[in-house]
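Look at the two complexes coming up: subunit A is in both, with subunit B in one and subunit C in the other.
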Partner chain A sequence: MSQTTTSDRDGIASLLPEFNYRRLGLYLVIMLFVAFFVSPIWTGLVTSFKPPGQATQPLLPPGPELFTLDSWSRALDNLGRGFVNSFAMAVPATLVNVLLASTAAYGLTLVDWRRQMLVVLLFVFGIFIPYQAILVPLDNFWTNIFPLAKGLAIGNVTVIPANQRWGTLAELAITHVAYGIPICFLLFRSYYKTISKELIEAAKVDGASVTRIYTRIVLPLSTPMIGVVLIYQFTQIWNEFLFSLTLIGSSADQAATITLILSGIGADLSGTNFPLRMAAAFLAALPTIIIYVLFAEQFAEGLSAG
Partner chain B sequence: MANVTLDGVTKVFQDESGDIVAVDDLNLDIRDGEFLVLVGPSGCGKSTTLRMVAGLETPTEGTIHLGDRPITNLTPQERDIAMVFQSYALYPHMTVRGNMSFGLEESTELSDAEIRERVEDAAELLGIDNLLDRQPGELSGGQQQRVALGRAIVREPEAFLLDEPLANLDAKLRADMRTELQQLQESLGTTTIYVTHDQTEAMTMSDRIAVLNDGELQQVGTPLECYHRPNNQFVAGFIGEPSMNFLPVTLEDGTLVGEHFEYSLSEDVRADLEGHSELILGIRPEDIDIVDSPTGEHEFPALVGVVEPQGNENTVHLAFEGQDRTESELTATIGGMRSVEEGTSVGIELPESAIHVFDAKTGDALHSRSLQDVESDQPLRGAEPA
Partner chain C sequence: MESSQDAVAGAGTGEHAVEDRRARLRRFWKSDFVRSAPYWGIPLLLMGLAVYGGIIWNILISLTDYQGFLERPDYGNLDLEMYRQALSDSAVHLTARNTFVLLVAFTSVSLVLGLFLAVLLDRDIREKSKVQTIYLLPMALSFVVTAQFWLWMYNYNDGLVNTVIGLFGLGPYNWIGNPSLVLGAVIFALIWQFSGYTMVVFLAGLQSISNDQFEAARVDGASIFKTYWRVIIPQLKSSSVSAAVVLMIFALKIFTFLYAMFGTYRPPKGTDVLATLMVREAFQLQKWAYSASIATILLAMSLLVIAPYLYYQYREGAL
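What follows is the complex of A and B.
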């Protein structure tokens, strides 16, 4: 038996995989990529554990005598208000976005009516409006035409009480909903196109109305895409800076979002506090990372389905 | 339950290249409790017709009545009909029970207990009561098919519409389901419109067949009417397997003259063909008899081409003498125990009582076979001497 399987190499050498230069090259390239992607995160992380002024060797971790969580607790203090503001703005904005985009996509993809293509094109056009182009009218709209932060009254009846902080955040949330709908609509639309038309027709013949078909058939089948849009849109809104800067203005404002505060943290006349900036950056990124982990399964499923 | 009446129904689809007439002025009356099969080649408008009855398409012209109720402009939700789709279209996120209850929950005011009872009764009828809590994804094709049927039955609608419901099943299961569906429809007595491209399904299941081609109704009749008394060449060729043989001929002095044969006609047949000269002679494969050598009046010398044994019968491809064997023009079916060798010369008999004659230009049937000897002929076929 052993005679039939005897190879050119005997002894211990036969137990080792054959040495292969191509494979070696491949591993080298992979390691290069890993280093490229990991090094900024690594540098940031080790820096955040060093005391301010000691962060001179970015690649080396701090020694045991220098290790400190000081920057992290300071960052948390500074960012606290930003966390509250960003969550208060991003969570409702994302949910409303998903709801509106999915209903719009349903109505424009699985419900037949005349000239719907024109409306679809209008939505698609919305994706290509650059943010910079609407900053001035946007600011003008919220300060002069519809100043939500100053409260809303119809006649003598107060509909929304004046509140600078929550009012401004509401303005920001509505802006994000408006600008998020086109791309989310397109994501849902591409997904709904894969739903069998016969399924919708079967529900129609079964007697279900347009809204019942949505709530009982289309919405339950949308879960993978809802996962994708939730992650995508929450990350977009959480990380967004330009609208916050335009509508809120300064990191000192009561309504300042996390990105606005982050931009100014650890930088003053005395220099840049790198450990503080790094710790704050990690803290600010935490919610998006958690969201990814929570919805990763739906995300993968939705991406492959869409 | 009710009859379904289609009156002058026309459907025109707009396309970039212009208008496409899918269904052209269709008049059809499906009786209460009848099993009508709409049959035709793909693209003949049969599915479009069904979808118009379902309310999934709106007719461009014409009216549809369900009983006395005009339903032409009603939405599918308002029509009280049930439909089974080729893909079954089961709701993938619901259990079998959920799938079957859905229609009742949406279209009736029944209580949960009543719905439960109806679903369980229907499931029992179809033998799927043990599957009620499964998801459609866990079921085999045949089981999914039953659930789709169950979803329709449980609604107790005025009419069933079935769009190629057996097309996705394997051949064996399809034959079983054919019988079962037929029995089911008989016991329920619900008016049923069944769309298929398979003439076997049409022949075996229907009370009446409606043959469509290019959006136009060719013939409505019982399976035997369509088989023995086809209105035109299309129906004659479409119904029956293997198809009827067609031979182009001209009428000269009471004789049909083909490229390789001459066929003399009796007085009766001649009377039917008066005033026509370009004709098509049609004869069904089972009516062609193979003899050792041509002697009689309607017997011709022929060459045997490919022979396809099927056990109970042999399908024999034949060519007239003077033709190459590969361009065989005729197909005959003979008893399975008779042996005919490929390449031999034989005689073929085309009995005059079995011939059909069609107008070559319009395709209209001018003469159909006599039915007198059909009944006595059939049982003897297997016992024919070799």
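What follows is the complex of A and C.
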């Protein structure tokens, strides 16, 4: 908690010239909530450096005689495969998502045609459906109808060789793309609404085609929103769990994603190894925490627009 | 009209009509609808198959008796048997009640706390953006991650929650093991994760209200509390509705947090909800048709929330 106490002191010191009880109360309440939001993360962090079985006094960091990195190195061993799998799945899925959502939002926002609102509604509705409502068909589709992990052959020609690990990850990535389109679509649409109609009209009068307007005008103007959607959607896919559990099933599987491995870590018959769990939780969250710290504003924008 | 023209122009009109059709076809071919079709059509196809194809297929499966490790469901014999079973299943009643409690408590407290935090930060304070970043941080974490943190927070012997309330001479309580406490404990953890989100939504709403209104209220001698209560909060209606819808839908489908916290398909009875029941019936017990019917019930409940919201948004032209 050293962080919070220092900024606390700064806050009060700055108030001294115009000391005022109401203002002091305000800062105290703000700091109280900082403690509220940080404490579960803080206690996890200090616990991850303690040896299992000696993780008492949840707020205090371990003394030098207890300090250990064992849990972190064990967690890294366990999660290594998950890191590779999650990156291999999340990065392409996010990129394709951004592309498809941006083109869809362009065709349904900046190009005018009758009754397009019906299609817009179809997309927007897709944001809100609970995934449980498609989970049984989804499993059935990838197991019985289109088992990509078992390879794909047309006649006798093998188009995609069978590969349990990468095939399953490809299934997962495609699933994420399909169900991620609606929210990314809405983000792009809300942004495209702010692009001036006159600009598009002028280009049209000059004889620019639908494609030309997209590549020459809309896409270059989209850069800030592409950033927002990349950050938002990567975080979502990285953090997601239900699809991984459905398509991969076990944390022992070669294709297991990081959240799947994390959900089964540090639990055995002798009880829960909390230091290991906390270290693993931090490692699994690391990419999203880095992205969040660097791009907090874009993340907030993505959240509030969605 | 056409027949009289036919009579006058004779053979010429045949050509004319063909040309007319061709011109119309050409115009249609060049129309924005066709030219933009690849842009929205491909995403629509993929998303449509996944979402709407999935929903229809799920309803179809819920009408069969599909279970176990069968190859394919038998679509020859459709009936509502699974829904009859679901509606008389005591597990469904229990989980529906828990779902309802979770939905109401989680949504309302997150909204109120988020509004409070937004009002707190909607003024000139130092390091405002840093504070905001900290409040929103839990929202960037996976539920699998936060579930681990909270499992540790609620630990009976060494958890922070029991340590803190111990300072006030209370507890220790067995937050996870006690069936009457566990739902409240889960809701509290979810509020911790989501109130930063509602705060951001409300802050965006507050920023669109002009400062003149604060000034006017101050000139009228209204207290800060009265200004917010009478003038500002009523204008946050649309922010509140959007945030409430997102929270309610989340409460209906919550699965990951519970699975990750308890490490099994079966959370303790006190916090078992429809969403976990559905996944358990499907992927642990292989009762595909039965779980599909529970999923359809969940979908219907979400529709009750989404449909009025989307209609309202559509009418306001906000979509």
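In this text, the second predicted complex is superposed on the first by the 273 of 306 C-alpha atoms of A that agree within 3 Å, B and C clash if a C-alpha of one lies under 4 Å from a C-alpha of the other, contacts with A are read in each partner's own complex, and residues count from 1 in each chain.
By our rule, contacts are C-beta pairs under 8 Å (C-beta built on N, C-alpha and C of every residue); 3 or more make two chains touch, one makes a residue touch a chain.
Here the structure is a predicted model, which is why all the values come from computation and not from measurement.
Chemist: Considering only the touch criterion stated at the top, classify A:Phe125 as touching first (subunit B), second (subunit C), both, or neither.
Modeler: second
Chemist: Answer with first, second, both or neither: which of subunit B and subunit C does A:Glu201 touch in the superposed model?
Modeler: first
Chemist: Subunit A residues in contact: does subunit B have more, or subunit C?
Modeler: Touching more of subunit A: C.
Chemist: Is A:Leu76 touching the first partner subunit B, the second partner subunit C, both, or neither of them?
Modeler: neither
Chemist: Contact-wise, after the overlay, does A:Pro182 reach subunit B, subunit C, both or neither (first, second, both, neither)?
Modeler: second
Chemist: So, A:Ser209: does it touch subunit B (first), subunit C (second), both, or neither?
Modeler: In the superposed model, A:Ser209 contacts both subunit B and subunit C.
Chemist: So, does A:Val136 touch the first partner subunit B, the second partner subunit C, both, or neither?
Modeler: After superposing on A, A:Val136 lies in contact with subunit C but is clear of subunit B.
Chemist: Given the touch rule stated above, what does A:Val84 touch, subunit B (first), subunit C (second), both, or neither?
Modeler: So A:Val84 meets neither subunit B nor subunit C here.
Chemist: Go through subunit A and flag every residue that touches subunit B in one model and subunit C in the other.
Modeler: After superposing on chain A, subunit A residues 209 contact both subunit B and subunit C.
Chemist: Okay, in this complex, where on subunit B does subunit A touch?
Modeler: 54-56, 75-77, 79, 81-83, 85-87, 89-93, 102-103, 106-108, 151, 155
Chemist: Residue numbers of subunit A touching subunit C in their complex, please.
Modeler: 7, 10-11, 14, 26-27, 29-30, 33-34, 36-41, 43-44, 47, 55-59, 100-101, 103-104, 106-108, 111-114, 117, 119-126, 128-140, 144, 175, 177-179, 181-182, 185, 209-211, 214, 235, 238-242, 245-246, 249, 259, 262-264, 267, 272, 274, 277-278, 280-281, 284-285, 288-289, 291-293, 296-297, 299-300, 303-304, 306
Chemist: Where on subunit C is subunit A touching in the complex?
Modeler: The contact residues of subunit C facing subunit A are 31-33, 35-44, 46-55, 57-58, 61, 71-73, 117, 120-121, 125-127, 129-146, 148-153, 155, 157-160, 163, 192, 196-197, 200-201, 203-204, 245-246, 249, 252-253, 255-256, 259-260, 263, 275, 278-279, 282-283, 288, 291-292, 294-296, 298-299, 302, 305-306, 310, 314, 319.
Chemist: List the residues on subunit A that touch subunit B in their complex, please.
Modeler: Interface residues on subunit A, with respect to subunit B: 196, 198-199, 201-209, 212, 216-217, 220-221.
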